[in-house]
Amino acid sequence: MMKYSYFPGCSMDSTAVTYKKSFEYVADKIGLELFEIPDWNCCGSTAAHTKNEKMALALPARNIALSEEANPGLDIVTPCAACYSRLAYSTYAARNSEETRKEIEDIIEMNFKAEPEILNFLDLFSDPEVKEKCREKMVRSLKGLKVACYYGCLMSRPRKITGEENPENPMKMDAIIEMTGAETIEWDFKTECCGASHQVDAPKEARPLIEKIFRNAAANGADAIVTACPLCNMNLDMREEEINKLYSKKYNIPVFQFTELLAVAMGAGAEQSGIHKHFFPAFDRINEVIRANWEEEKKKAKEEAKKNPLADGPIVVGKAGK
Amino acid sequence: MGNLTKEQIQDRIREEAKKALATGEVSCVVGWTKTRFPDKTKPFFAYTDAECDLLVWNEYCINSTAKYALDDRYPEQKIGLITRGCDSRALNRMLKDNQLKRENLYIIGVVCDGKENPVCDGCQHKNPLTYDVLIGEPVEETINEKRFTEVEAFEKLSADEKYEYWAKQYDKCIHCYACRNACPACNCVECYADQYRVGWQGKAADREQNQVYGLTRVFHVGDRCIECGECERVCPMHLPIMRQTKKMLKDINDLFGNYECGLPDDSKPVLGEYKLEDPDEFM
Amino acid sequence: MARIGVFICHCGTNIASVVDVEKVAKAAMQMPDVVFATDYKYMCSEPGQAMIKEAIIEQKLDRIVIASCSPRMHELTFRKMLKGTTINPYMLEIANIREQCAWVHTDREKATAKAIGLVQMAVAKVAKNKPLSAGTIPITKKALVIGGGIAGIQAALDIADCGYDVTIVEKEPSIGGHMVMLDKTFPTMDCSACISTPKMVEANAHPNITLKTSCEVEKVSGYVGNFEVTIKEKAKYVNHDLCTGCGLCQTKCPTKVTSEFDQGMSKRSAIYIPFAQAVPSKPVIDANACLKLKDGKCGICEKVCPIGAINYQDEERFTTEQFGAIIVAIGYELVNWEEMYPEYGGGKYEDVITGLQFERLVNASGPTEGHILRPSNGKEPKDVVIIKCVGSRDPKKGKSYCSRACCMASAKHAHQILDKIPNSRVYVFYMDVRTPGKGYEEFYDNTRKDGAQYIRGRVSKIYKEGSKLIVKGEDSLLAKPVTVEADLVILATAMEPASGAYELAGKLGIAVDGDNWITEAHPKLRPVETQTNGIYLCGTCQGPKDIPDTVAQASAAAVKVAALFSHDEMETSPMVSSVDPDKCSGCGFCVDLCPYKAISLVEYAGRDNGRKVTKTVAKVNEGLCQGCGCCNAICRTGCIDLKGFTNEQILKEVDALCL
Amino acid sequence: MDKILNREEGRLLAERIAKEAGVNVRECYQCGKCSAGCPMADSFDLMPRQVIHCLQLGDMEEIFKSKSIWLCASCHTCSERCPHEIDVATLMEKCRIEAQAKGYCGQEDVKLFNDIFTETIRYFGKSQEVILEGAYNVASGHLVQDMENVPKMLKKGILRPEMNTVRDKDAIKKIMEKTEEGGAVK
Amino acid sequence: MSVKKDSSWEPVILAFCCNWCTYTGADTAGLNRMKYPENVRVIRVPCSSRVNPQFILRAFQKGADGVLVCGCHPGDCHYATGNYYTRRRFMLMQRLLEYNGIDPKRFQAKWISGSEAAKFRDTVIKVSAEIKALGPNTKFAEGYYAQNEGGNE
């Protein structure tokens, strides 16, 4: 059953345009049924739990309660690591203390049973059925692209919330990316913090965290970093150029959402995957890989039986392209 | 009930009893015979063919035959026993307690069709579980949902109500040990209660001695009780003895998992084993 | 009629200041069967004991009660005293009126009343005491040592030198254990192999020692002085009676697998002698690697063996032998740090190694012939980080205990690196430095003087950038996060009990603690004994320790064995259970219950219905019974009874309580 | 003047905070693994390890006035790696909330950003990144921060001028008001 | 039931203590001069598993107001497994007594190790106070019935 209650989160409607486009493309391809939670609100993010614990529990709880009402029996998926963490926290707190659950109900003035499981997109795409569907839809190979999967903090830690068995070296995204033919590298900053929550209010202190991530990715030979969170992605993508300037580096590592790579491998063009909308140029890199693979296929095909080349060639840049 | 009429069963019993005696290996067959009261039978030892024809089967065949096997723990010849479900569980009990040897027994199992005995209403095993020859087709086993309802109700009383109740009961007890003598789980060679010199308890039939006997008895048979109800049936003062033993059985079921005695498996009495993960209330 | 004497001790003022001892003595005189009662300053003193002995004669006492300190204190003293009198040593009961009365109460009146009550209980009990005498059992004067590391070797040599036979069972193909893998030993920097191999050779050559390598203990039954042990000898595929140890086979063997002895840092052949100084210096075939045994191909060793000692049909064998005592010396293993610490790379970096791997690396007979080289590229490291407490003192990821030897081992490694690699830098991340041992602190001092930089803090992460390992820690004395770019990282990994320790303890019927270390009988006073008589322990199977402590413990265990063997037979405690066969129903309930397997069902000529019959009844093996009384409480007839704590005695005590 | 360690008040407060976090700070043996793995520790004036030490001592003043509790990114690396399973991150958070209630602020910009963030939630129900960044830049005086990215965003259609808000605004307001009445969850 | 509330009344409490853990713990309590009520009397047994349930009935019969059975913590038994049997036995015993009208506070089992002197003291203080609050035990007590001519207790 590929039916889920869907909590997009605030970023999905604004900055995470590439995530949104590519996910919608993939969801459509594989026939995912998503029911957006009606009139959802912000999860409160870092700000709420920095200021007020009850607020941090109640804001996400309203969304869960709405979901229980509108989409009964469905688990909730959310693309954002922060939203995921906050929703999961509320669920955890309510499941572990009846008193807390009641208190939250009193605050939000709704029934709140904390029944649905909270899933992030990596959980969603690790579902065997979803994975199988994805695999069926692959038409291009991203072979030759060396990818560093970046998970960030909130999908890995704390363990009691995420259920991640190995928060030092998670493998869910790697397994998803491998379906596209891209190669995932072993590196050491999969779950190191990128400092997204402090990039605005404490830039001086937080910028080095980004640099370290790029440094380790580069040192381990990554062509690209892949994320599964709008905040991680924007933080790395938007600031790569600045980092290069600030630290006199020449990192040339585009930062994709994992859904973009899935979409591209399923045959999406730029407009459909949003791949050309990155701050740091990402389009060319992926196109090179696809072209190389395509030409090799073509050569092979010619050599073998002079059959027609594959239907899907390199991406044709739409009118919004460069 | 079953596929045979009472008369047919009776005929088959007599036939099997004669067959058993004819082999020469079996010295006698224990069953029931009629008395001068139409609604009573008595236990009966058939040594000859003629005596076999006196064996009866009707709804008044109530006494347990199994315990008679203990009369001769070291028989020179096999003892034949007419055995219902409850008797066979009693035999299993005594076999597990090493009081009998299976090879000394010739068991004629009869699928029971219920007796004029209130305890039969809750019977979960009408089919004999151990036998050499079986009379009647096995019937489907039932589960007694009300196994512990009486105990559960009694548990709800206040401490003083419970005590008062039992005190009154034990005031009646005349210390006759009929319950012990009828019980298949009471199979010691020499009962502790007869060992006056050690000083386990006094001889007097007063409330305190009766209480101590009553509770000690629960501990001695509680994890071996096959719920045949013989103790209560033979009690001349009509003490609700089963209400005590069933309490222990219920607690065992609650604390250590499903438990029923007298089945032909290799389970041990609960107090003779332990599990590391047993609940611990004594921290 | 019993004639009981009661003796109330003042214990100086310890008892007398709270309890009115004279009043207790007076009250005792009124108790049934008491014919004499008195008080005295110190009952345990010479004059006190003399007074008791005198009273026994004068008053014709046949049993006594002493009200004094805890029986755990002086019960033995007074029993010994009674040995020289007309009274059996077990016709004694002690009322504990010090620890459990005078010391815990302040109200003189109430305390005195309680003391009288306690005396009353003891009087009631002693009236039912019976004379007991200790039995004797013969002793098989042959010891089994399980484990052929330095602990086992030392213990075996000491026992053998006392003139007794010893068998060493070792699961590996050679004895030697961990010590022979080490390069140097702290703090003296002796060559470890040079001091341990002579012991190995001596053990092999000793006329009283039998070596059984590639063997494991399969089953143990019996009791002190008379253990029956089944030993499993694994298939070696080489007839060691024929083999001369020429080693031709291992040079010709085409299959190479990683060497256990070199901690995975070199290769060995499928038919192999584990290391150059191995004892016995004869090869075995590794069935998991050998082509012939796996696929039926190859067979080269058989062809080249000049003696025909190769036997591919070899099978495991079981032998059963009698032993009088067993020493457990199965040692330790290092924890699997790769699983515990993904943040240290979880094993994916070749240049992150354990201390034991470093020992092989720095050893002249090791894979690099003693040159410290980075496993990844064979180059000499300049910046080396040593991390302590990897798996130790880490209740979440590893073990909560301190592994004791690593502080010194790490200091040694730091010293060796600084000594062997000019211009090298060593950083030691530590939380505490523990050097309790002779010459240890001085050694640590010197290591620091050599230039080892100690940094107080636990390392949080190791990762790789380029060819360097980035080690992230906090310098907690600076209160600053610090980073070291290292070429080599050595982890001082925790010790844990050898695999199979738990199972072996089960076979032997001895206890292990929560971490599976074998538990000693008493942490202070019986450190090399186990709770089972006749089974001793030594070395790291009891807990992490270094070589000096291990060897000392081994000799201590050997003395215990020698002391046991110095008698032809031994006394057993008479306070054991026994069965009244006439009352016993033979239900066998007690048999399964007994933790020592001391009870069995036996045939007994009894009577039933006036007829002679052969009954089946329970019988207690007094050599095995430890006197716990578990069987007593479960026996419905009460026919099994613990001497010294009989049903009758305890019931009388209970009765006396409430008089 | 020397720090006086045996002050009851701070100790009781520290004990309460630790209890709320479900942590026994006495288990900490100051190994420093938390600080060593902390991504923000370079900017901390008090190492996470020292925060725990102050909690052990009951020296809350030191914690409340520190920057560290504000700069903590709640990445939970410390809690994950602690050998004694001390939830350092949650303690940091509890200390920060407590400090705020007591009127301390070791890092004005962080507080400001969080305040603006919660205000946007109060009024719109959803986070408004444009308003958030703009309001923060004006309020903090960092006028040009991140502004170089704005034209790019507009050009690529990443930022849209239209507003995204919750329909049931009262519900959100009520949640905010109700939660601001009380403090920590029991 | 009316219990004469005589303030000077002290309960009689019997404690069966295993030699290796609780008896040692009680000795240690003495060694450390800890204070607890006088009304507890210890009977030393080698192991808590030596305690026959009949001893407890006997104690109540002879007028004990409370009975304690103390042994090593499960897993720490000197004889390896004895206290696991103790645990089963006395969980059932406590329930059976309750079923017969005896307050479960009057019969308790506790695990107290040799080093837990303070736990021994605290247990005695607590149990003693609990039983004092319950008043004298008349149920099962020998002679009580005869004296009171079957009167209501």
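All chains are identified by letter, namely A, B, C, D and E, in their written order; residue positions are counted from 1 within each chain.
Simple rule for what comes next: contacts are C-beta pairs under 8 Å (C-beta built on N, C-alpha and C of every residue); 3 or more make two chains touch, one makes a residue touch a chain.
Owing to the predicted nature of the structure, the values given are computational and were not obtained by experimental measurement.
Asker: Following contacts chain by chain, what is the lowest number of steps it takes to reach chain D starting at chain A?
Answerer: 1
Asker: For chain D and chain E, which third chains touch each of them?
Answerer: The shared contacts of chain D and chain E, listed by label, come to C.
Asker: Could you tell me which pair, B-E or B-C, is linked by more C-beta pairs in contact?
Answerer: Here the pair linked by more C-beta pairs in contact is B-E.
Asker: Taking each chain's centre as the mean of its Cα atoms, which chain lies farthest from chain A?
Answerer: Of all chains, B has its centre farthest from that of chain A.
Asker: Work out the mean Cα position per chain and let me know which chain is farthest from chain D.
Answerer: Chain centre farthest from chain D's centre: B.
Asker: Pick the chain whose C-alpha centre of mass, unweighted, sits closest to the average of all protein C-alpha coordinates shown.
Answerer: Centroid comparison flags C as closest.
Asker: What whole-number Å value describes the gap between the mean CA coordinates of chain A and chain B?
Answerer: Inter-chain centre distance comes to 70 Å.
Asker: Using the average of all C-alpha atoms in each chain as its centre, how far is it in Å between chain A and chain C?
Answerer: So the centroids are 54 Å from each other.
Asker: How many angstrom between the C-alpha centroids of chain E and chain C?
Answerer: Going by mean C-alpha positions, chain C sits 35 Å from chain E.
Asker: Let me have the rounded angstrom distance from the C-alpha centre of chain A over to the C-alpha centre of chain E, please.
Answerer: 63
Asker: Considering chain E alone, which of its residues make contact with at least two other chains?
Answerer: Touching at least two other chains: 53, 58, 81, 85, 89.
Asker: Can you list the residues of chain B that touch 2 or more other chains?
Answerer: Correct list: 192, 200, 271.
Asker: Two-or-more-chain contact residues of chain A, please, as numbers and ranges.
Answerer: 168
Asker: Pairwise, which chains touch?
Answerer: Pairs of chains that touch one another: A-C, A-D, B-C, B-E, C-D, C-E.
Asker: Would you tell me which residues of chain C are touching chain D in their complex?
Answerer: 343, 389, 393-398, 431, 456-461, 472-476, 479-482
Asker: Which bits of chain A are touching chain D when the two form their complex?
Answerer: So the residues of chain A touching chain D come out as 10-11, 13-15, 17, 39-42, 44-55, 57-59, 62, 93, 99-100, 103, 106-109, 153-154, 157-159, 167-168, 191-193, 195, 197-198, 200-206, 208-209, 212, 238, 242, 277, 279, 320.
Asker: Quick one: in the complex, what on chain C touches chain E?
Answerer: My answer: residues 70-72, 96, 98-107, 110-111, 113-114, 117-118, 121, 509, 511, 531, 575, 593, 595-596, 626-630, 632-634, 638, 642, 645, 647, 650-651, 653-655, 657-658.
Asker: Name, in rising order, each residue of chain A that touches chain C in their complex.
Answerer: Those in contact with chain C are residues 166, 168-169, 186-189, 215-216, 219-220.
Asker: For chain E, which residues count as touching chain B in their complex?
Answerer: My answer: residues 1, 53-54, 57-58, 61, 74-75, 81, 84-85, 87-103, 108-111, 139-146, 150, 153.
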